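Chain naming follows the written order as A, B, C, D, E and F, and within any one chain the residues start at number 1.
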Amino acid sequence: MPNKVEEFNAYRAKMNDKLLAENNKVIKRIFNLDTNAFMPGALDVKTKELLGLVASAVMRCDDCVKYHLESSKESGASKDEVMETLSIATLIGGTIVIPHLRRAYEYWEELEESNH
Amino acid sequence: MPNKVEEFNAYRAKMNDKLLAENNKVIKRIFNLDTNAFMPGALDVKTKELLGLVASAVMRCDDCVKYHLESSKESGASKDEVMETLSIATLIGGTIVIPHLRRAYEYWEELEESNH
Amino acid sequence: MPNKVEEFNAYRAKMNDKLLAENNKVIKRIFNLDTNAFMPGALDVKTKELLGLVASAVMRCDDCVKYHLESSKESGASKDEVMETLSIATLIGGTIVIPHLRRAYEYWEELEESNH
Amino acid sequence: MPNKVEEFNAYRAKMNDKLLAENNKVIKRIFNLDTNAFMPGALDVKTKELLGLVASAVMRCDDCVKYHLESSKESGASKDEVMETLSIATLIGGTIVIPHLRRAYEYWEELEESNH
Amino acid sequence: MPNKVEEFNAYRAKMNDKLLAENNKVIKRIFNLDTNAFMPGALDVKTKELLGLVASAVMRCDDCVKYHLESSKESGASKDEVMETLSIATLIGGTIVIPHLRRAYEYWEELEESNH
Amino acid sequence: MPNKVEEFNAYRAKMNDKLLAENNKVIKRIFNLDTNAFMPGALDVKTKELLGLVASAVMRCDDCVKYHLESSKESGASKDEVMETLSIATLIGGTIVIPHLRRAYEYWEELEESNH
């Protein structure tokens, strides 16, 4: 039975492939940049992923939050670190962020259950 | 048969409980503040709920709109008052608000049917 | 079997009818204006629809994107023109637009399949 | 010596006149609608102005906040009512609203000093 | 006497130079992409500039609006075409766009006076 | 001669004092929370300040960016770390962030010159 994490990643991968196959140079380069920006530099990967997470949360983009929750987890972020990041997002972005916080928490649970 | 109002409230309550159980001080206090801010003061509860509704609508947060539709109704707001509030949101926030206006209207009907 | 394009349009039409039946003057006039603004003027209809599309995409309103994808297509916009429009949206609006880009692309495919 | 309230209103009036002189039908009608939407209806003028204020504050539009502060004051809103409205904006919109709250408070003082 | 158009462009150029001198790869590539995205393709330059203008206006970025007003003008856009583009922005983005519309109109006048 | 950093901080402090003197409970608690949220926890202060910086930048709040630039610097963030944080903001938030990036860079220079 496919879980929600796998479903999300499968849809994401399928549509990204289609978008990249279009050969639109601007879109292709933005996708490339996205990979580059989160590589280790002055800041380590975990910090960068948490930056991506808080930015996604204040801009209230559920799919972006899911993506950065997974990559934060993979880069070694603990649940407490993720919760502190999301609490800063909720304070800065306001209670309007709370519905996204609920869905973020639910997705984190799904990540833990699916060993992602 | 659970209706959409009950489903929304059940999910909301379940996830809020989980979030509060995390004992993140910032998140807990924001939840507390949310209760406080809508208590009677210089402005009565109904006016405050309509303020919450218009703010939720211009920021295009469907779940926040649903929440404030229900609490507006409970505080005695009439359908005409809610429609005027949503019309101000649509004018200030632009036609980008219209899809949320459609869903708000649908949820108001569900609130009326479920006697919430 | 109703496809996603028909479902989207049916829901949209049903709720718009209900909203207009409320006789809220502000909402009715905004709906009227929406029709007016996209009529031919100094700019032709296709250009205006692409303006509506890019604005919808940077503001990350999926339903607005769907609506303007369909009307862009009807006004003669090619897939390449639509992709360039969406690429500008993604550059200006940032990677936060990408999840909406995936759904836009999927809906464009559905439009092509359903001959809309 | 012209004060900040007069300067703001003079610039606003001058540019609105120029915009309306362009005879762009959509812009002219939106300006008209703006006047209509804040007339008494199911909700009284003061409530509507506070709705306009909270919406302007969460969307972080300083000029819109100034405009609705002045019209809220003219419609009889007290400082306490305005502060409660702005506190709801800050809670819903987050700490990102605080810089606008500072400027709103300063403008309210200027309104009081200039007897607007 | 330096006019507002020259001041804006001088500040913009000076700070862009400093940003690019930092050698941050992501920032440099985004600047590059920005140039690429507005080159002629399936859409001509004027249409792309108007797309950039409407996106800037609904996102309420004054500096971005100024930049695209100037490049729209350089690519041959007439005042009527610009006004229609801005009217669509105001309808989609709501009355919250109006303060930016006033400043856009003022800057367009400055562009005309300075022969930019 | 007062520099821009001192001017910004003086205005901020003066208006915050006035706001807190109003004794609006919700506003006072949000100010308190803001202090709490950036204290050391699972994440250290520097990381939290960079989270505040990236969130402020994608939400395009110049004053918030200034505040977090100063506190990032005080918590030991290097220019490279700040630039990487801002580059992630520009990628996620789009080119619409660039005008804020210019002003952020300028303010960072002022912080360095004023030894803040």
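Note that contacts are C-beta pairs under 8 Å (C-beta built on N, C-alpha and C of every residue); 3 or more make two chains touch, one makes a residue touch a chain.
For clarity, every value in this text was computed on a predicted model and none was experimentally measured.
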Chains in simultaneous contact with chain C and chain F: A, B, D, E
Would you kindly say which chain has the C-alpha centre located farthest from the C-alpha centre of chain A? D
How many Å are there between the centre of chain B and the centre of chain C, using C-alpha atoms for each centre? 27
Taking each chain's centre as the mean of its CA atoms, chain B sits from chain D at a distance in Å of 23
Indicate the whole-number Å distance between the mean C-alpha point of chain B and the mean C-alpha point of chain E. 37
Could you say which residues in chain C touch two or more other chains, in rising order? 26, 30, 33-34, 37, 55-56, 58-59, 64, 83-84, 87-88, 90-93, 95-96
Viewed as a graph of touching chains, is the assembly arranged as a line, ring, star, complete set, or other? complete
Would you pull the chain A residues touching chain D in the complex into a rising list? 58, 90-97
Residue ranges of chain B in contact with chain A within the complex: 11-12, 15-16, 18-19, 22, 24, 26-27, 30-31, 34, 55-56, 59, 61-64
Quick one: in the complex, what on chain B touches chain D? 30, 33-34, 37-38, 41-43, 47-48, 50-52, 54-56, 58-59, 64, 78, 80-81, 83-85, 87-89, 91-93
Per the touch rule above, chain C residues touching chain D in the complex are 25-26, 29-30, 33, 36-37
So, in the complex, the side of chain A touching chain B is made of residues 60, 83-84, 86-88, 90-91, 95-96, 98-99, 101-103, 105-106
